[in-house]
Amino acid sequence: MFLQIVFLLSFLLSTSHATVQDFCVADLKSADGPAGYPCVAPAKVTSDDFVFAGLSEAANVTNIINAAVSPAFVGQFPGVNGLDLSAARLDLGPAGVIPLHTHPGANELLIVTQGHILAGFVSSSNVVYQKLLKRGELMVFPQGLLHFQIASHKRKALAFAVFSSANPGLQILDFALFASNFSTPLIAQTTFLDPDLVKKLKSVLGGSG
Amino acid sequence: MFLQIVFLLSFLLSTSHATVQDFCVADLKSADGPAGYPCVAPAKVTSDDFVFAGLSEAANVTNIINAAVSPAFVGQFPGVNGLDLSAARLDLGPAGVIPLHTHPGANELLIVTQGHILAGFVSSSNVVYQKLLKRGELMVFPQGLLHFQIASHKRKALAFAVFSSANPGLQILDFALFASNFSTPLIAQTTFLDPDLVKKLKSVLGGSG
Amino acid sequence: MFLQIVFLLSFLLSTSHATVQDFCVADLKSADGPAGYPCVAPAKVTSDDFVFAGLSEAANVTNIINAAVSPAFVGQFPGVNGLDLSAARLDLGPAGVIPLHTHPGANELLIVTQGHILAGFVSSSNVVYQKLLKRGELMVFPQGLLHFQIASHKRKALAFAVFSSANPGLQILDFALFASNFSTPLIAQTTFLDPDLVKKLKSVLGGSG
Amino acid sequence: MFLQIVFLLSFLLSTSHATVQDFCVADLKSADGPAGYPCVAPAKVTSDDFVFAGLSEAANVTNIINAAVSPAFVGQFPGVNGLDLSAARLDLGPAGVIPLHTHPGANELLIVTQGHILAGFVSSSNVVYQKLLKRGELMVFPQGLLHFQIASHKRKALAFAVFSSANPGLQILDFALFASNFSTPLIAQTTFLDPDLVKKLKSVLGGSG
Amino acid sequence: MFLQIVFLLSFLLSTSHATVQDFCVADLKSADGPAGYPCVAPAKVTSDDFVFAGLSEAANVTNIINAAVSPAFVGQFPGVNGLDLSAARLDLGPAGVIPLHTHPGANELLIVTQGHILAGFVSSSNVVYQKLLKRGELMVFPQGLLHFQIASHKRKALAFAVFSSANPGLQILDFALFASNFSTPLIAQTTFLDPDLVKKLKSVLGGSG
Amino acid sequence: MFLQIVFLLSFLLSTSHATVQDFCVADLKSADGPAGYPCVAPAKVTSDDFVFAGLSEAANVTNIINAAVSPAFVGQFPGVNGLDLSAARLDLGPAGVIPLHTHPGANELLIVTQGHILAGFVSSSNVVYQKLLKRGELMVFPQGLLHFQIASHKRKALAFAVFSSANPGLQILDFALFASNFSTPLIAQTTFLDPDLVKKLKSVLGGSG
């Protein structure tokens, strides 16, 4: 009798198997679309596709900002494709700074796991919301708004940022302006910054135009 | 004069024709993505693509549960691709049972078309909502919650379930536990069921691990 | 020991209880919004809120179209609020006709449960897709496209339509034109129908303007 | 020191570069899907992909409706793919008419930039909302509802319609009925129009069936 | 006989009337939610609710940027609530500048209706896409990315921007930095701008902190 | 001259201020709806609304499962309302177990910040995907699928789970079955578990029915 259920349900399951889309691990070799990447065939998916170890080590922060951001977006972690989630690791040395930036395509939730981080964002109404976050505290940054994170002077900090998209994007203000091909006269016209200052910052950050 | 309108509008329509996406019949030979399958070229679509006859016959219910579920998800009925709708037929013999299950990817609306069906679901707050449904009555089951359907003892029943996704998924509790490769010690640890019971049920339902 | 788990988890559950939103039964006395109605407080929700019996009886079809449509949209069935699903019952006498209409806000899936129904829709490319449907057959009608259902001449028919929205809307072509306050000259200008014909149809269907 | 930041961040940016999806210019040669077309590789995208000049010239309106609609949907303007926006240009000669039509897949916002336009739509409740619009005025038309635009008798008019989808669709009522393969008896049955009238209009507009 | 259809369908329509949600004109006196404002009762809605005349006049551009932006977001134009569309009018005198800004909550499509406008945006990959737009040309700006518009030196320009949200937001870079309560040391730390420069710009633009 | 810009833009900003919806902090005293809670008036929002400190301390795990889950859903953290994100803290003592459960309304991304955790989920195809996760490793669990987390025997573990919804829900299998009002005969019928076993587990976990 129990064998019957096995036959019945294995039939049911085999017919539905072909199209079950519990998940959609990204096939990064194919072109993506507005909703993400095509799925790897379920039969080829393994446990490893749902796991990402690339954020387990501290990044090198011996650089000018004394900080590093390591992404686990769909490009690095194909298992998040279609799940409306992704993550990044923020390593900050003492007084390390994640410069002012936006995520054009996602909201962010920050989880501080070590040290103290001063974090804040600027609203469309030009109000700054900021707070000194301690270990275990969370803060949210709504989509598309300028925000920053700074470690306290005394010791290093570690945090994980998670996003409401598998591909949140990242526009760092200084790089958009001074590490891009944005023409100096246009920057000056649209920001009121002095062209000489723009040129100086471009020479440092590698911008052209 | 009327010829002009024909020329004008046939021009308009031909230019827009290429990209009109009133519908997107699934090309099941291509890989799917987070939003569904790529579309068959509209010129190859016929009326038959929008119709599904696979649920018109009663399924065989001479099995242990005295019931059968026949899906019309996107894998069986490519015309539902992108329409956020799909269906299934539930055949139940007298006292037939659709075992406890969830649809991870969709809400469900059940339409009883023959007989009496006792149906219910368990909420996140551990409250059971259940009702004896008669012919022509509807019941909804919110996404992802455990639910069941049982025919009355006296006579067979028929119902159609419709879903808010072209690919709602189906996780049958007993099969997830006892017809899968879920390891017996892990099942015992995470459900408080006795390992011996787990082994026994696995031997019946075909589970490994 | 087991008591501890009860305490622990009842604590967890009670804290999360307040905000769990497995479902959102519509509070029809409050104003709706773009996503639907505010939710009835979960504590006041009962099994009956998830069940709708209003479609269990055949509607009277002794009228000019020999047919009737009975909706189970959110206004009639508050339990579908937020679930992206709703339904309607179609009763058709022999040769009964559901006149040409659209659902501006939802895709439709039709399930024929009795008799034969000729159903069809017109695409944006002016192609008609139609089929004679038998009992148990399904057909889909993409959002916003003109479509119709006609029972065979020989016997009555019954079908359930389900929609991808709790509030799909219903625009019956003849009523939009001839039972509304649409001015006769404007109808004539925008449809190429003769004003005298428009006036005649308005006199029958009750239109003004 | 500043070189370090360049190295660090160029590393960060190069790793994320592969998967940044700020935009998704349509690859019209590939099959589309429910969410739109696959994206052209970002490296091949240029400024021209985000610009569309096809609406800059007035269309010829020497035709029966004394009007023309020129679309900038994703098929014409691949840059709108995935952006939930598209546009169309409406040229109307004096007394020009855009016949009654719907957009099955999008809401519309009309911007009048020249002349006067009488515009209106019919709701699901058979109420007509209409207004004589002057230059610079806006009007919205909710998704899937029948609507029209008519220029004043005295002078020509120009407007831009924008849509909440890259592919809004366009179903012109007269063409759905009289320029399609919709069978005359079925039209008569589902609209209450006289078969002889239907045949006459089909002969003018090119319908078959 | 025709009276019957009137009775039947007026019954149908009256029952569905209560919940038809073709549109949801914002009740701005109520609190908004994640999907927008509650709806004004349909019976109180008139044609005027779907029309906005507030962009029909040129704004005064005798100011430092020789330009003005006039919004028709849901706050100004309640009829767009829930329609995923809104608009703004851009008036630019000769060489007028809309400073670098983002819309955190929407994609933008710009329609130039008079004059020449140089428009551009910076991608997450720090590439600037820009183009000199002429009358009747369109350009898109993906959500959340920094962009600008500048009129040609010789003559004034006019454009309409439309957005994929009823409430797109607007973050003007200079104002976020120098007209807000963003502390000078934090701006300096997160942008690499000199504190003295920041203070100077704040004194002009009214910033505190 | 610079004063002019202040006047101009303060005008612009004040007009748009009323309706800017960068964020929508939940007003938990009002009824929620399908998209979340109504927003607190922006003027009453402070930095604290975007921060949550309730997960900063370890929970007490001296209980039967040697573990605890602490939610930061919208009910606890109103700032996540409308952001499609929320979080939970998982404290596990040595060999601590988060029992088999689902989140009916969200995908999950787990970040292990201390210790080793064996985590896994069961797909609709009855395949178990599991992995031993180390500190800094991530794993995703698609919406609605049964999953579990178990700390290694040797030492305690800590993890943060984040969700793709402000209100993901939580259905713990044992509690749905044995701590609810789910009738024993119905459980037995729909799970194939022995009624005596069901009664025994109910007596421990507090179930009725």
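Assorted remarks:
Here the chain labels run A, B, C, D, E and F in written order, and each chain numbers its own residues starting at 1.
Methods note: a residue touches a chain if its C-beta (ideal position, glycine included) is under 8 Å from a C-beta of that chain, and two chains touch if they have at least 3 such contacts.
From a predicted model like this one, the values you see are computed outputs, not experimental measurements.
Identification of common neighbours of chain D and chain F yields A, B, C, E. Chain centres here are means of the Cα atoms, and by that rule the chain farthest away from chain A is C. When the C-beta contacts at A-F and at B-D are tallied, the pair with the greater total is A-F.
The greatest centre-to-centre distance from chain E, using averaged C-alpha positions, is reached by B.
Residues touching across the chain D and chain E pair largely coincide in numbering: over half of the numbers involved belong to both copies. A separation of 35 Å divides the Cα centre of chain C from that of chain E.
Here the spacing of chain B and chain F, counted between their Cα centres, is 26 Å. Along chain B, residues 13, 16, 20, 22, 30, 33-35, 104-105, 120, 123-124, 126, 130, 142-143, 145, 169-170, 175, 179 each make contact with two or more other chains.
Which chains touch which is summed up as A-B, A-D, A-E, A-F, B-C, B-D, B-F, C-D, C-E, C-F, D-E, E-F. Chain contact summary for the complex, chain C toward chain B: residues 13, 16-17, 20, 22-23, 42, 45-48, 50-53, 55-57, 72, 77, 79-80, 83-87, 89, 107-109, 111, 113, 120-121, 123-126, 129-131, 133-143, 145, 160, 162-164. Those residues of chain B lying in contact with chain D across their complex are 1-2, 4-10, 12-13, 15-16, 18-22, 24, 27, 30, 33-41, 81-82. For chain F in complex with chain C, the touching residues are 28, 30-35, 62-65, 68-71, 73-76, 104-105, 167, 169-170, 172, 175, 179, 204-206.
Those residues of chain A whose C-beta lies close enough to touch chain E in the complex are 97-100, 102-105, 118, 120, 122-124, 126-128, 130, 142-146, 148, 150, 169-171, 173-177, 179-183, 186-187, 189-193, 197, 201, 209.
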